[in-house]
Amino acid sequence: MSIFFQQLINGFFIGSVYGLFAIGYTLVFGVLDILNLAHAAIFTLGGLSALWLTTTAGLSPWEAFPLATLFSGVLGLVLYRVAFAPLRRRADSNLSGLISSIAMAIVFESAAMGIFGARTVRFPEGMFPNRVWHFGSIILTSLQLEIVVVALALMVVLTAWLKHTRTGKAVRAVAESENTARLLGINVERIVSETFFVSSALGGAAGILYGLYFDALAPNMGHSIELKGLAVIILGGMGSIPGAILGGIAFGLSEVFTVELTGMSNLRDAVAFTVLLLILILKPSGLLGRGRVREA
Amino acid sequence: MFLEFEKISRSFGGVNALSEVSFGVQAKTIHGLIGPNGSGKTTLMNVVSGLTGPDAGRLLLDGRPIHRLRPHRIAALGVARTFQNIRLFPKMTCMENVIAGQHLMGGRALFPRLFRLPSARAEERQSVANAMACLAKAGIEGRARALACSLSYGERRRLEIARAMALKPRILLLDEPIAGMRLREIEEMETLFRSLVESGVTILLIEHNMPFVMRLCQRITVLHFGQTVTTGAPEEVAEHPEVIEAYLGMKSEC
Amino acid sequence: MGMSAGNYAKKTAIVLALALGLTGICSRAPAAPKEAKIGFALSMTGAAAAYGETQKNGAQLAIDEINARAGKNGIKIVPVFEDDASQPEQGVNVFNRLIFADNVVIIIGPTLSNTAQVTDRIAQKAGVPVLGISNTAKGITDIGNYIFRDSLTEMQVIPDTIRVVKKKLGIKKVALMYGNDDAFTMSGYNAFKKALLDSHIKILTEQTFSKGDRDFSAQLTEIRSLKPDALVVSALVEEGSGIVSQARELGIPVSVPIIGGNGFNSPSLIKNAGKAAENVIVGAAWNESSSNPLNRRFVRAYTAKFGSPPDQFAAQAYAAVYIVLDALKRAGSTDNRKALRDALTHVKGLNTVLGKFSFTKNRDADCTPVVEIVKNGRFTVFGK
Amino acid sequence: MSEFFAVYGSLINFVGINALLALSLYVPLSAGQLSLGNAAFAAIGAYGSAILTMRFNVPFPLAIAAGACLSAAVAMAIGTPVLRIRGIFLAMATLAFGEVVRIVAVNLAITGGAEGLIGIPNKTTALIIYGTVAATAYFLAVLGGSRIGWSFASVREDETAAMVMGINTTRYKNGSFVLGAFIAGIAGALYAHLNFIITPGEFGFSAEVQLLIYNIVGGTRSVLGPILGAFIITVLPEVLRGVGVTAGPLRMGVNGVILLLVILYLPNGLSSLFGQKR
């Protein structure tokens, strides 16, 4: 039984990590109907820039992490200006945006590799306090707890932000229909830029937490989570904020329990992607999607 | 009756878009479908062309039930249509739009073309000639090589009609075919529709331009809140009390 | 036979002519050191970029040392570094270019075994020697008599490791964990499995993971519940250090050693896993802590130059350059590929950072693997 | 000249294979279906044909045909449910399918697992590759002008309008998907018999994206676009090497920048530089 609970914690935790990555991903998709494949690169640069700030620049984590998050947001603005804004008016902006974001991802990753090298590095040991709790044979660390809490808090805060603030409402208006939003006097360009800023800042923050927990930062660290992040936002419903976190947790649990129930970890990814395929076929709007099938 | 609606019903999420709509369209006539916005006219047209299946009721074309068929099967039975919001292929030229519309006419077979058989060239010439004829009938042969997205609003409507005619349909469904057209264009369309009917085509059209409908249609059906108010000759319909009320109501809304 | 005047004159003329000719040659290349063009096909971008990077560093260090010491009559090395982007397709293009355009005398690389399977055939066909520095898959040197490697295969390292660990710790039952979508970790897995079966150690469970995974909690929780005597892992260092630190975090006690292969033999394991790396046992081709002065100097120079200590990939690349140099000296030419190949087969007991190095009959590496254990944050010798 | 072929012979072969792969994606794209599963179909063709030649001594041409048919059959089986999904979602679904194929190849014994299928007889020649490319390009060009091609174009431009014009959109979407998979299967089979070894990793996510890049860079207005795109992208690393941009990350960055410039400034791909077709 204790294994079961430990696995439950494992699944919850890794799922929250997926959710953190996916939340910014899904935000941009919700607003622009565009898949931003450079999100994984921003995630990577967020983590690596935090590392640079703590080691080379010698800042404390409390200074470095907000700065790196901010930097990721700025990268998001650059990304939007360079790769997406010029394509907005094109009929095939979905497809061309996909490719230009891939191009930017390549540029970002090569920059990361040129600056930081290709090796896997980590934050200095003991830089960030991490306590370990034992409940019988169940083990939980404070960092795990913090990541789950951050993920859930972000879900609540972002959802509330979208629902209740002026900017949030404007973001939703733009997501619904750009033209209508424009007629309502909303500065669409500004809202879209802000969305990119927020999305990328969240992506960068996810990269920092990821690197912190797994003790691993590398220019290619975004690759393995990129595909899972996609699966998660489809599972949760593209464009849905709670869907990203809950979809992430569902995905994490499905991974963990594939291992636990079948005892065959080599089935883990196959099960995850088969589930994804089935969801797309049976309920393309995802678990918490808006019920309408988009013709993206 | 050439096209017979029998108690057609359709609801969307609990809202009845059509409830027990029944009327008939006589062969080789122009039949008007009028009613305020949201009265279910376009839904009805979608039912005919198979894009929307009815929840209940039957739809007969020449005595044959077609309400369960998929759109391309219905088209193959000779039903062509245009759309209220015009669905052209914007990145193709006018000529290409019409050639694409010839799908059911056969021709342009793959194998003769692969081996460059003489029949391929003949088919090609035939297809271009037919397309040109359709464009000419719709009065836009002059724009054959223009991209569809470069056309004026009226020209787009005509091109869509030309593309529908490429099917050589038995019945043509026109959803607001003259919306946005200038007076001269409207007159040309009138002539075109009359000549089509003379050549044996049946036309069912939705239109808000009342004088046009009254002038052109042999019979008119009025829809209101998804129900048939009345079907009859233009002058009967114009004097029908419910119609007057419905239209006055609509006008006061505007 | 007496020497007539005429005869003498004739001989003088010949000697003079020869002398003139020689000076002519000498004036064209005045006492310059001989140059050997060596091609490097390494993965400097793509999935294996982390290894290609340290390989390049290791090789560069060796070349700088050699060229600095070459003096007037020594052999200078002209490297041609090419990036195969971790893709066999680009590896082929790189090999063709090195062989036919750059006319290198030998190719060192490629980083990945999968790429070597394709590229080494091209070199074999063209008669260009190849010295693999990180190819551990079986069958690479079977491609032909021009293919060499200085990397020990997992089959050469792992049986020893298991034997030593069993003898010293008496382990009876283990959990086995491996990356199942990577050729390197798969060959390690096969070697481990065979060695474990051969020494009658029970495998309680086999768990897999994928390249790029960072979360291993599900597998490790499963493993923890089975209470193995040791955890045997075939992984590259990125995944390896994650497995090690998560295993400890999830409560697999330090008293349960974690046994790894060549992939674990890297300072970044200790760096990235931190304290969790204690009691990690590694069977490897290179011993960082070896007291061999050559090795001492290498570790010092590398760390000074690149800011971080070398790993096994760097060491094998560094050694490879010296192995080639040794063969070049005996080949009597710096551009004769056939002669270099023949000279390589005679490399015997060469003192390298990998220890005394020879090639086997089958052109595989012949050096003594060493079993190390991490104690107090350092690799120390556990047994041989 | 012979030195040129010695250095670039393999590159020329890869250009041809990649052109074929690009064309395989061009077919569903021409019917408006964004598939990211064509590398997986190539994998099916590659593994299928290689297993046939290696284990069962099936003659090479027959093995290619069988590999391509296997790939097409799989496409047919998954086509009907999957092609109900549209746009980006279809891309995701085909991507998920591709991942499943890759994972299956990693886990099966007959495919050689992660270490790959080794020892595939080397039977593919430049002549075979370019013969196939030419035949495929000709076939697709003719197809484009035929009723089938017009139907693909109609579905791509407006699926609803296509339906009411009498086009069985499901059938044509499936058809484009299956034909694309068939061509991908041929390309995969040729690749397998060129390279001695195939591994599952070569047919993963980045390969799928690569095929899309060929099409976008070259343009999808005509069959020449994907071929040109495959040529440029395949040759680019070698050209950069030639002009001295060899350092790893820098070359990767230049690659990215060039891709970005094409997508930003040549919306219809590089082939739009060479006159307008249609």
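Order of writing sets the chain letters: A, B, C and D. Residues in each chain are counted from 1.
Heads up, the rule we're going with is that a contact is a pair of C-beta atoms (placed from the backbone, for glycine too) under 8 Å apart; a residue touches a chain by one contact, two chains touch by 3 or more.
Since the model is a prediction, treat every value here as computed from it, not as a measurement.
Novice: Which chains lie in contact with each of subunit A and subunit B?
Specialist: D
Novice: Could you work out which chain's C-alpha centre is the most distant one from the centre of subunit C?
Specialist: B
Novice: More contacting C-beta pairs: B-D or A-D?
Specialist: A-D
Novice: Taking the mean of the C-alpha atoms as each chain's centre, how many Å separate subunit A from subunit D?
Specialist: That pair's centroid distance is 30 Å.
Novice: Which integer distance in Å separates the CA centroid of subunit A from that of subunit C?
Specialist: 38
Novice: What whole-number Å value describes the gap between the mean CA coordinates of subunit C and subunit D?
Specialist: 36
Novice: Can you tell me which residues of subunit D touch two or more of the remaining chains?
Specialist: 103, 106-107, 248-249, 252
Novice: If a residue has to touch 2 or more other chains to count, which residues of subunit C qualify?
Specialist: Those would be 44-45, 47, 49, 52-53, 180.
Novice: Any chance you could list the residues of subunit A touching two or more other chains?
Specialist: 110, 113, 266, 269
Novice: According to the definition already given, which pairs of chains are in contact?
Specialist: Those chain pairs which touch are A-C, A-D, B-D, C-D.
Novice: Could you list, by residue number, the parts of subunit D that touch subunit C in their complex?
Specialist: 3, 6-11, 14, 103, 106-107, 113-116, 118, 195-197, 199-202, 237-238, 241, 246-249, 251-252
Novice: Once bound in the complex, which stretches of subunit C touch subunit A?
Specialist: 44-45, 47, 49-50, 52-54, 180, 205, 207-215, 217-219, 221-222, 225, 237-238, 241-242, 245, 249-251, 268, 271-275, 308
Novice: Per the contact definition, I'd like the list of subunit A residues that touch subunit C in the complex.
Specialist: 3, 6-7, 10-11, 13-14, 17, 110, 113, 117-122, 125, 132, 134, 137, 139, 141, 210, 214-216, 218-221, 223-224, 255-256, 259-260, 263-266, 268-269
Novice: What part of subunit C is in contact with subunit D in the complex they form?
Specialist: 44-45, 47, 49, 52-53, 81-83, 85, 87-90, 92-93, 96-97, 99-101, 114, 117-118, 121-122, 137, 139, 179-183, 185-187
Novice: Spell out the residues on subunit A that touch subunit D in their complex, using ranges where they run on.
Specialist: Listed in rising order, the residues of subunit A that touch subunit D are 33, 35, 82-83, 86-87, 90, 92, 94-96, 98-100, 102-107, 109-111, 113-114, 226-227, 230-231, 234, 238, 266, 269-270, 273-274, 276-277, 280-281, 284, 293-296.
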